[in-house]
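What follows is subunit A paired twice: with subunit B in the first complex and subunit C in the second.
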Partner chain A sequence: MYQVENAICAFCGCVCDDIIVTVEDDRITQARNACLIGKAWFLGHGQPQDLPVVRIGGQAASLEDGIDEAARLLVQARYPIIYGLSSTSCEAQRQAVALADMLRANIDCCTSVCHGPSGMALQGIGEPTCTLGEVKNRADLIVYWGSNPAESHPRHMTRYAVTAKGMFIPNGRKGRTIVLVDVRPTPSSRAADILITPRPGKDFELLWALRGLVMGQKIEASALEGSGVSLEQLSDLAGRMKACRFGVLFIGQGLTQTRGKHMNTAAAFLLVRDINRFTKFALIPMRGHGNVTGVDSVMAWQTGYPFGINFGLGYPRFNPGEFTMVDMLSRGEADVALVVASDPVASLPGVARKRLEEIPIIALDTHESETSRMAYISFTTATAGINVDGTVYRMDNIPLHMRKILPSTFPSDQEVLSRILTRVQEFKQ
Partner chain B sequence: MPERKLIMITGRSICQGTGISNGKDLEEYVSATMTLELNPLDLERFGLQEGASVRVKTVFGEATVICRSEKLPEGLAFMAFGPTVNRLVGGETYASGMPDTKGFEIELEQLD
Partner chain C sequence: MTRILHGEVYDPINGINGELRDIFIRDGRIVAEDPDGPTIDVSGMVVMPGGVDMHAHIAGPKVNIARKMRPEDHRRQVYPRTPFTRSGVGSSVPSTFTTGYRYAAMGYTTAFDAAVPPLAARHAHEEFNDTPEIDKGFFALMGNNEFAMQRIAAGEHERLRDFAGWLLQATKGYAIKLVNPGGVELWKFHNNVHTLDDEVTGFGVTPRQIIRSMADVALELKLPHPVHIHCNNLGIAGNWETTLETMKTLEDRRGHITHIQFHSYGGTPGGLFHSKVVEMAEYVNTHPNLSVDVGQVMFGDTTSMTGDGPLGYLLYQITGRKWVNVDVETEEGCGIVPIEYKDKSYIHTTQWAIGLEWFLMVQDPWRIALTTDHPNGASFMAYPRIIRLLMDREFRRECMRTVHQKALVKTTLPDLDREYSLYEIAIITRAGPAKLLGLKNKGHLGVGADADVTIYARDDDLEKMFSSPRYVLKDGQILVEDGQIRQEVFGRTFYVNPTFDPGIEADIRKHFENYYTVCFENYPVQLEHYLPNPAAVSCGT
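Entry: the complex of A and B
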């Protein structure tokens, strides 16, 4: 039995780095300090897997044969897509980008169905951001918009944004005002001082009106008709935003997945830019799964773009709606899919799933999933942060180093991808 | 026959989150992602009981789900992210890459 202190949980974008993990008989048996979802992540991934390292056409095969067959399929493909990459290390993500470049393929990540619209807004407007450490130490006004952190990021409120005591917020919860904007009451509502409940699909109108109020423009009450929010409520929020010492707007998928999408997020970014004329204010998207923030960074530093990238012309092009996974599959495009650390068969719309049923899938995953079961070639890989070292990015773009806790008989995503890349290079020569 | 159209909101839940790691084939995840939460007045209006099976339809697909009463505004329905609700979502992203996974219209059809 041994313990690993300050272990990192890579399930959600909080990337909590204070977990005390207990290992007994080559299994993780405890994950102290972790939330319910974090405990499930450590215990679920910290068990031996009774799966072959590779399956080809449903039959167990050697790693060498899997890599060979995967490279052959990718080289022969006319329009391959590489997708997923949220629940793996930045080191593996780099290999995937290199592979897309070599193949002149399309590469997209889970960002496109998560905070892709936030990425589009920040590419166009810029990102008024800060770290979660600054939130903890300085923020006296927190606004969650379209987010339910109690269930999506269970320790976000206690570690950083609500009850946490900080250098300039010594009284923790008493030193902060919490505003929650959501179309429905959630377990997060209990933590809020002010609840604002708009009607679904009215976020853009409200954010735009809020911009006007912050800038001192006259807004007619009739402009908010049907939004579910009164002019008094919105004026009060605008006043608080301008009067705080350090405010933070956390935006969730309530903005990115609803009507308006990148226009909603652009309005939020512009609002925060406006407020900075009066006080210090920042915006942080509530990034979800594992290292999805990391894959945006890796793709952006290697190609200039965070997701939805095409190398067909020999250089990277970015075009959401054209080179994004859901769009390509819905149009019946892509003739091979390399899926890394993701389960698109279960997580994408039915029409996208239909295309995945028609084409060969090469899947890398730590567990069985609908995607790995449907895959023509399925690699079982070691979990980044449990079985292998690696880099993970927190939602505020802070990189953290994950340390190996347990050995594994399976190769890492990085190893499999780099070996496929080498084999592709050999095929192409 | 009452108006059976509602606005669907999807999102995360604790059981959906733990179920991803514990196993998507397990009852915990399947149940978390097959539950349709409705306002109690909507349940009553549609003549549905808590725990009843109901067919949810959109122009893109349909799915059978289990009803549960929750504190939601009238006219709003909620389901946790997962394969069941994804059958109801279309592929149009309006040049954003993101399909409409929140705020789309659904229709309920009671199962015998």
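Entry: the complex of A and C
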């Protein structure tokens, strides 16, 4: 038995780095300090997997054969797509982008179905933001919009935002006002001082009216009709936003993936930008998967763009709607899909899923998933952060180093991808 | 093993000024004796050491969020994949691979990122590992570090020194960088400092105390590069007094004042500014403890990116364009805004002329380095054009005709006839920066130096000559022929390992527990994982 202290939980975008992991008989048996979903991640992935390292057409195969067959498929493909990557290390993500570059393929990550609209708002408007430690040390007003951290990021409120004590907020919870904007009560509601419950699909209108109020414009009560929110409520919030010393708006998928999408995020980013005329205000997207922030970063430094990238002309191009996974599949495009650390068959809309049923899938995952079961070639890989060292980026872009906690008989995503890359290179020569 | 024969060699560190020499290379180093290997005949060509960029923004969180913000910048300039190179994009904020190739294709083999928040050091190293061809390193931001300011306020100078030593060691950084000392801390509550003696609220220190203390720390730790200062009040009319006061605060301590062009403005805050280079260059000329780099502005669209958060906000207010601000817990900040410098603008012409005045008025070329503060004044790819502006008086006059005339005549630029020689260009682009950085194996072609050699075919158009070298060798390997990349290699990462009393770690740990959101143990960068080609530069000679 041994313990690993200060272990990093790479399950969600909080990336807590204070976990004490206990290993007994090559299994993780305890993950102290971790939240419920973090515990489930450590304990679930910290077990030996009874799976072949590779399956081709449902039959167990050797790693070499898997790599060879995957490379052959990719080289023969006319329009391969690489997708996923949010739950693996940056080291693996770097290999995936290199592979896309070599294949002149399309590459997209889970960002396109979560915070892609936040990335697009950044492209149009910029982004006043801060690290989570600034929230802890300074924020006296915190607004969660379209996010339910109690369930999606269970330690977010205690570790960073609500009850945390910091340099200029020595009393923690008492020093902060918490506002929750969501279409229905959630387990997070209890933590809020102020609850605002708009009707579904009204986020853009409310954010836009809030901008007007912040800037001192007159908004008619009738403008808010049908929004579920009164002018008094909204004026009160606008007043608090201007009067706070350091405010933070956390936006979740309730804003980014509901009606309005990138218009909603644009409104939120503009609102926060405008409040900075009066006081300090920051915006932080509540990134979901453990290293989805990392894949945005890797893609941006290697290609200039954070998601939805096409190498068809020999250099990277970006166009959400054209080079994003759901849109491509929905149009019946892509003839091979390489899916890494993601389960699009389970999570994408039916019309996109239908295309995945038609084309060969090469899947890399640490466990069985709907995608890996449907895949023509399926690699079982070791878990980054549990069996493999690697880098992970927290939702606020802080990079952390995950250390190996226990060994695995499976190869890492990085190893499989870099070996496919080498094999592709050999085929091409 | 390589022999480079019959070149016209400019190697200022060894006093060689255009003499015909042969250069011999073995195992990546310059050697004295003929190794009798493959020969490159460079008769009639100009041979210099590889270029050294001592101040640019090429890697890390600030650069990367700028990339994310500027898809339009990428579409303007695309680089398809070749058999030797990865594809890439970008004019003012290129992708990492493109950054490495572009530097090398221009004859530069070393570049330093000038502003990395320690908390994101790992990110900078990750990008370095995807930046081919060049050797690199970074300066760690410390001018607004809360732990450091608390030590200064408490008069605990030794503990400040130990902390700085620990921080450099933990991040694998190279030098101490101050950015708007004290001001960025106040910006976290929407404020700023305006003079060197304003108090940093809540910390009981002044910018002057920070500057003096950190200058001492850099000397006491015997770092290869002295304190590297981005002064307070960047870009504000009247800021020349702050800059001069910063220089005076250093007294006889060594110090480097960076992108000094942005800090040389007369006038009153909020108004139009004018050049104060005459007065300031006089001070630099008479104070050998000081060095500067210019931060030359060139006309065109680029991206302003700075650790100076309040400056970013100011630029956003002026331009109304996109604006990124990032406040980094207990350490630093950052601001990013796209900016277009226009030759028809009074202000931009003044900035352009001020940069050139600096080059032409500092007498000792060893203490002034060519930079654009990439990409703030312009992309590093503007260096060949700047070289032509410095070497070719007629070309300079031609350019002067296209700028804002009323602004131009208020500067001394029209009266300056100096032309740089190739020898002086070799100083301000490689020998000087290498010396200022304390890199003993860079910037020269003496025995033992890294075999980084740039060979230019002579051309009447100096811009063309310097933008497309005939050959570029790094560590003895040919990376570039006729401006085209022939080979991809991954260079070193320079860092320092200063000595400090590890007793400080208990205090730092406590500070982490209270104010950071990462564990003390998870903060230091793992050398073996993030620096595949580590190159420790020794402290203390």
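Following the convention adopted for this analysis, the second predicted complex is superposed on the first by the 429 of 429 C-alpha atoms of A that agree within 3 Å, B and C clash if a C-alpha of one lies under 4 Å from a C-alpha of the other, contacts with A are read in each partner's own complex, and residues count from 1 in each chain.
Operating definition for what follows: contacts are C-beta pairs under 8 Å (C-beta built on N, C-alpha and C of every residue); 3 or more make two chains touch, one makes a residue touch a chain.
All values reported here derive from a predicted model rather than from experimental measurement.
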item: Touched partner set for A:Asp296, first subunit B, second subunit C, both or neither; value: second
item: Partner chain(s) touched by A:Tyr305 [first = subunit B, second = subunit C, both, neither]; value: second
item: Partner chain in contact with A:Val23 - subunit B first, subunit C second, else both or neither; value: neither
item: Which superposed partner A:Gly133 touches (first subunit B, second subunit C, both, neither); value: second
item: Those residues of subunit A which subunit B touches in one complex and subunit C touches in the other; value: none
item: Contacting residues of subunit A [partner subunit B, same complex]; value: 11-12, 36-37, 39-41, 43-45, 108, 112-113, 116-117, 120, 148, 151-152, 154, 183-185, 197, 200-201, 253-254, 256-259, 261-262, 288, 307-308, 320-322, 324-327, 329-330, 343, 345-353, 367-370
item: Residues of subunit B defined as touching subunit A within the complex; value: 7, 9-14, 17-25, 60-61, 71-73, 76, 78, 81-83, 86-103
item: Footprint of subunit A on subunit C - complex, ascending; value: 59, 61, 63-65, 67-71, 73-75, 78-81, 86-90, 93-97, 119-120, 122-123, 126-127, 130, 146, 188-190, 202, 313, 316, 321-330, 336-337, 514-519, 521-522, 525-526, 529-530
item: Touching residues on subunit A, where the partner in the complex is subunit C; value: 5-6, 8, 17-18, 90, 94, 98, 101-102, 104, 119, 122-134, 136-138, 159-160, 166-168, 245-246, 273, 276, 279-280, 282, 296-297, 300-306, 311, 313-318, 389, 391, 393, 397-401
